[in-house]
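Two complexes are shown next, each including chain A; its partner changes from chain B in the first to chain C in the second.
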Partner chain A sequence: MSLLEETNAELGAPDVLVTPQPLGVGVPSGPPARPRSRGRLIWRRLTQTSRFWVGAIVIGLILAWALLGPLFYPFDAFGRDPLNMGLGPTQLHWFGTNSIGQDLYAQTLVGLQKSLVIGLIAGPLGTLIAAVVGSVAGYMGGVVDRVLVWCINLLLVLPSFILLVILSPLFKGLSWVFLTIFIAGFSWMIMAQVVRSQTKSLRDRDFVKAARYMGVPMPKILGRHIIPNVASLLIIDATLGVVAAILAETSLSYFGFGIRAPDVSLGTLLAEGTSAAVTRPWLFVFPAGALIVTLFAVSLIGDALRDAVDPTSGVNRD
Partner chain B sequence: MTNLLTNENPSGNGRTDPPLLEVRDLSVTFPQRGGPSVQAVRGISYQVHKGEFLGIVGESGSGKSVSSLALMGLLPSSATVTGSILFGGRSLLELNDRQLSGIRGQEISMIFQDPLSALTPVYTVGDQIAEALLLHDAALSKRAAAARAVELLKIVGIPAPERRARAFPHEFSGGMRQRAMIAMSIANDPLLIIADEPTTALDVTIQAQILEVLEKAKSLTGAAVVLITHDLGVVAGHADRIAVMYAGKLVENGTTHEVFADPHMPYTIGLLRSVPNMQTAGTQRLVPLEGRPPSLTVLPRGCPFAARCPIAVSACLDTEPVLLDHAPAAPGVPVAGLGEAAHVAACHRSAEIASGTLTRPDVFPRPEPLAVEHREKNADTEPVLKVTGLVRHFPLTKGGVFSRQIGTVRAVDGVSFSIQPGQTLGLVGESGCGKSTTILEILEMRKPQAGQILIDGQDVATLGRADLLRLRKDVQIVFQDPMAALDPRLPIGDIIAEPLTVHGVKPADRRARVAELLDLVGLDPAMADRYPHEFSGGQRQRVGIARALATNPRLVVLDEPVSALDVSIQAGVINLLEDLKEQLNLSYLFVAHDLAIVRQIADTVAVMYLGRIVEYGPVAEVFAHPRHPYTQALISAAPIPDPEIERNRKRVLLEGDLPSPTEQIDGCNFRSRCPLYTLLPPQKRSLCESFDPLLALHDTVQTACHHSEQNTLLTAAV
Partner chain C sequence: MVLYIFKRFINYFFLSMIATCLAYVVSSLALDPAAKYYGRNPQPTQQTIDNILNGLGVNPDVPVLQRLWEWLVNIVAHGSLGNGVNGVSIVDQIISRAGVSLRLLLIGSLIGAIVGVTLGVWGAVRQYKLSDQVVTYGSYLIFATPTFVIGVLLMIGATVLNGAAGMQLITFTGEYSAGLTGSWWDLALDRGIHLLLPTIALALIGAAGYSRYQRSVMLDVLSADFIRTARAKGRSRNSALVRHGVRVALIPMSTFFAYSFGTLVSGSIMLEIVFSFHGMGEFALNAISQSDINAVAGTTLFVAILILFSSTLSEVLYAALDPRVRN
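This part shows the complex of A and B:
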């Protein structure tokens, strides 16, 4: 909650207090020590936390691994090695092979790519929808607000998983792009509510009124005054949204409603590996490990971001 | 109170009894993580005697509230407090919290600025007062405590106290809550009442009532009062002694008469000269006190006021002056008994000031009035703004899904006025009278519920979108709170240029115009890329003014433009507004509750009450001869920063609070509070009860009162 309040207020009172202010009115007082701007302040706080660096480095390594890994590996994800079926990790097949001889290392990399792409698109996309819907509803009020809130509530009560199960025959043959859109489409509602309530209070602030009385059109007011003032919230939501989207994708795929064969994602790999988790653990352990490390790294970044933006949360609290 | 005043020897040397409260060398510092600590109070010493009324005056951040919280032991545990506080012989700083609790509320009580947050919302007001009684008197029965609570509410002037004691704080108005706080503070007959800005959140008429109640409470209990305020007018009428604080230090301390008539510290002189006085306002320019107090974390060497002081010498930058008695009889004598009733000031040049070699106009000269070019002020030129019969009612609904209307809030109920080019209309009234709704209706530029708004002779209801946008260029607004009015995420250059972007001005031209505007309002054009939080309150308000002027408007709506600023900053902003008006031939619609400032800047004044204008005319005439009893009451409630005038004034006090605008009052809607109505014979009252008075012209002033010719009755009565 304090996070929400903070986005409205000036950031980090203690830091601001320390900075000397220019003296005198209209006296060109030379270049005094400039108080830091909010963006720089957040960046400074962010870079001071070790969690951020751990998360950033790990996610950087994972991205590099997923993108560049296949270039330095002889096997592709779908080719079969009939001589080495159901083999454990060896020098030849680093993560082993599955029962039909496909190389698990190559498959994990491809699956990781897919999961990352879906997560990195669906997370920010959900935030974008939330920002647009939330700010429009909060700013316009009246009928528009009521209709949009009604839609938000409807989507919130609809169980998205069951909906997907019902709709899954329609998705057959459609690409992963639809899955991404679907995940984004069901992940923005809570944030939209938050943005809406923030907008409602910002809307009555004098600087927004001033813009309105100047004749600034609504989209410009939203883009110039409203969204930047909730931006820190949105950035955090987008980051944590990546985690949620990857999780959603893997669980959907795990149950067979997301990515389907021949496409591979971490979810489908896990689904295949579960049954053999005891007998041939490498089929399960490697994709699961990749998933956990990825989620953990992104979560660390999101967490560090939240602490940097909100001086009253977590480590900043006395 | 009067007893005390007459008994008191003006120089105060007659005191022999030990002081009730003695603060010695009190310092409060707040350590900060990873930075220098905040030195909120730096070694202050003062005394309060039994039954004395001490006013502590200072700007925000001067440490006046922190020092009194230290007295009560209410500072956060992170604060470091040094020095000593002796209260009735006991050292308060050495007591533990339990022992302090025995003193708090019993012997020392406190009245806070915001009575809504000082009262618990879930208990009735009566219960809370009774609790204060029961806490300190175990022998008292619950029933007796409840009865005493009702009695206390009656003392502080709450109507129907039996019923009101059972009400919750949110059912009380701001003024009534503050009365209840006073009732609670005097419940245990304290020896000392500390009032921290008790009237700052209230309207002038209510402020006058509350100060009256505070005086009454003081005389009933014989308690000493420490009143903390930023308003020199408030202390002028009530305090025996005044202590002026600046940057955590006491810079001047003396009797009210001494400090007002013969201040020895340049800061006090500047403050006194910068405050507009309602009686002289409008005839001369205000004296600005530029700059801002230093940051309490990195205090400069020497006198903290040196940077703003017009008579600073090299010694001021070197050593910080101490409090000394500079009276001509005993120049420069260090004060042994901690300023026992002496007039002390902390300034290297106080001796020169005290002896008269440096006069007050030498220290803070009054700026030259502008050479006023007399423009042709034709009566028949088209008014910039003409509002006729403007109405804005809000339906009051109940129920969620099937809401039904249960009443109407008559926020604006038939308001008419006009503003000629180059003129200023002051719109005054208590909060809730509809001032803000009126200006918002004008700025929204949509078809009013009833009536007509003409801007530059064009009816806003008939204009299309493009025409309205063009018209918006001519009307701009400056808001009350400069922090809220500027987007914290944009550099001020972008903020000022915003109205220009709407009208499609090219970026290069925008930048040139921003530089020009910053120069116009007295800011350095090089500051355009800085963010609002880098500026002081007064500078931010200048940015707000620059933004309003960007499109070369003809009319600027000023919504309480200085009321959120510190007293010392106000004069500079008012002067700027006056200059700009002359330079650019602007018209102002000036909304304010501070009558002195309205008198200073306005040409015409409209007094609003419950959505109507009750008096409307030239400012000099209205202030000199108010005809409507409400105007009379408003003017007499406004404090004047001059103890002589303030103590000898006759006041027309209003009863009660502003009625709710949902109430339907037959006849004159001011009847319920009208002091004149109560004096009228019954046959004349019936006119007030049955007919709503319309604005009628008396000489040059329009007044909505049936009996405005009778208003001498009022002045005779008080």
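This part shows the complex of A and C:
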């Protein structure tokens, strides 16, 4: 068994559902009995699960908090309050202050913004790379396929965290945008394998063959016929990719390889808070809590999506 | 079967060697070992710097492919990975540290795998019951928590516990208590206690992933016809579940072990740093901050060999479980 079938089983990949193409010939006139679209079906299943709503509402609140929170708070992230240094949570400083009097609530908000932005860009970007590489490899087959699969396997040999650490001197002096791109650049391989195996089965389907024989160019076939049929998998991957990207960013920043001063992310805040985690726990617990709640909410959405896309995985037990 | 495993081993061998070579090239391009000598006061002469860099085989003026070639020749001919910037042989440094890392990695991932598989089977059999829900949400919570946060939270917990007990129940900084003397048994116990928290952290990460995967595979197996057949021919429910269910569900798991091993390696590297172990994690961290190309290359080789062995092992497990592969 190859690794591909593996990942398929892991993601609970469904048999790809193909909407029948209207042929125009032999179709009775009058309003056609349109089958319920797959997208709407998934959406209906999704909105019936409580996990999805819990995750969506929590993540909505977190986004609103990160964006609007600073507007309703008197302190900024970098100013110092010399009268209240190293203080625990008070009515004035909600999350307390660090040893040089910077307000932790304001810092947590700024860090949360940065981590969210990186996650929301890097996750979907990784999925985009996976979709392009996977569909091209699966559709073209032959040498291209073999080379791409070989590259994927090569990238999977070493853990991506270690590769990112080795590469970190390259984006040391650059802005966080490059860190984001690097994270995305090392998080697409497994999904690309899934897309590839789905594409291989799709390319022999009649509607793809028809498009090919009509002379539709390859990029258009991929964009119009292949990608839409794996879209549900891609949406799940993009959602869970946000979690993975934020985890990668915070871990790299925590060990000093990611976001660097003067930028602040949840990872750098946690790195500063660790040494005092036992004596002044608020320095660690509040940023860690914000991070965990955010990631937990996103994974709940991802999990609900997965169940909505593939409701048959394991429920047909008597 | 031997031929099959041998073929897979050769495949992984080439992949990991090429990955190591690529890592060597990338780290040579990303790191600048000369910079720290230019920053010294008084600045050494260009001649001295060149001599040092040439001695280490990391002079950026020599083409990187030539250096890679020399590095490889050195491995094959002398079994040497060159010297670090501190002048000590990389092989010696890795040998003195590898034990610390392997201890944590092997014990942690083994416990994680056993606990994860058990919880996964249990969750699948008791699907949607309270215990299943608790395990499911628990594993999501662990997924949502970065490795280092798990480590630090365990430290805070241990400190609270020590405070409550009024004595040093759990010690957790470093891999042993400095200056402790006593019998072999005392020293081993001391190391064991130091190993406790990082092992728990690593096992939690492993168990979270394995239990989710084992649960979904097990659910697929449970709805398969052969389970019903086994029940129909008179096997008890438990016997059908274990003999026919778990065994089949472990087949895809064996590949997942190999896949997830990389995550555990990076997880254990992070935990080593968090718990101030003098292992490969600290080695890699120092190597990057000191722009030590040979040390970085040595670390990646170490990791690649670990991955190579774990992949081969999972193939052996796969072949042992799935009779179709053996023929």
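Here, the second predicted complex is superposed on the first by the 277 of 318 C-alpha atoms of A that agree within 3 Å, B and C clash if a C-alpha of one lies under 4 Å from a C-alpha of the other, contacts with A are read in each partner's own complex, and residues count from 1 in each chain.
Please note the rule applied: a contact is a pair of C-beta atoms (placed from the backbone, for glycine too) under 8 Å apart; a residue touches a chain by one contact, two chains touch by 3 or more.
For clarity, every value in this text was computed on a predicted model and none was experimentally measured.
Colleague: Does chain C touch more residues of chain A than chain B does, or is it the other way round?
Modeller: Ranking chain B and chain C by residues of chain A touched puts C first.
Colleague: Does chain B (first) or chain C (second) touch A:Pro262, or do both, or does neither?
Modeller: neither
Colleague: Have a look at where A:Leu291 lands relative to chain B and chain C in the superposition and call it first, second, both or neither.
Modeller: A:Leu291 sits against chain C, while chain B stays out of touch.
Colleague: Which partner chains sit in contact with A:Gly142 here, chain B, chain C, both or neither? Use first/second/both/neither.
Modeller: In the superposed model, A:Gly142 contacts neither chain B nor chain C.
Colleague: Touching A:Asp206, do we find chain B (first), chain C (second), both, or neither?
Modeller: first
Colleague: Is A:Gly215 touching anything from chain B or chain C once the two structures are fitted on A? First, second, both or neither.
Modeller: first
Colleague: Touching chain B and also chain C: which chain A residues?
Modeller: 10
Colleague: Would you tell me which residues of chain B are touching chain A in their complex?
Modeller: Residues 32-33, 35-36, 38, 290-292, 294-295, 297-298, 307, 443-444, 468-469, 472, 475-477, 479-481, 484-490, 495, 498-499, 501-503, 522-524, 526, 530-531, 533-536, 538-539, 542, 547, 551, 572.
Colleague: Hey, which residues of chain A end up touching chain B in the complex?
Modeller: Of all residues in chain A, those touching chain B are 10, 14, 16-18, 20-29, 34-35, 37-38, 205-207, 209-211, 213-216, 224-225, 228-229, 231, 318.
Colleague: Which chain C residues qualify as touching chain A in the complex?
Modeller: 12, 15-16, 18-19, 22-23, 26-27, 29-32, 124, 127, 140-141, 143-149, 152-153, 155-156, 159, 213, 216-217, 219-220, 222-223, 251-252, 255-256, 259, 262-263, 265-266, 269-270, 273-274, 284-285, 288-289, 291, 296, 299-300, 303-304, 307, 318, 322
Colleague: Using the touch definition up top, name the residues of chain A that touch chain C in the complex.
Modeller: It is residues 1, 3, 5-6, 9-10, 12, 153-154, 156-163, 165-170, 190, 243, 247, 250-251, 254-257, 270, 274, 277-278, 281, 284, 288, 291-292, 294-296, 298-300, 303, 313-317 of chain A that touch chain C.
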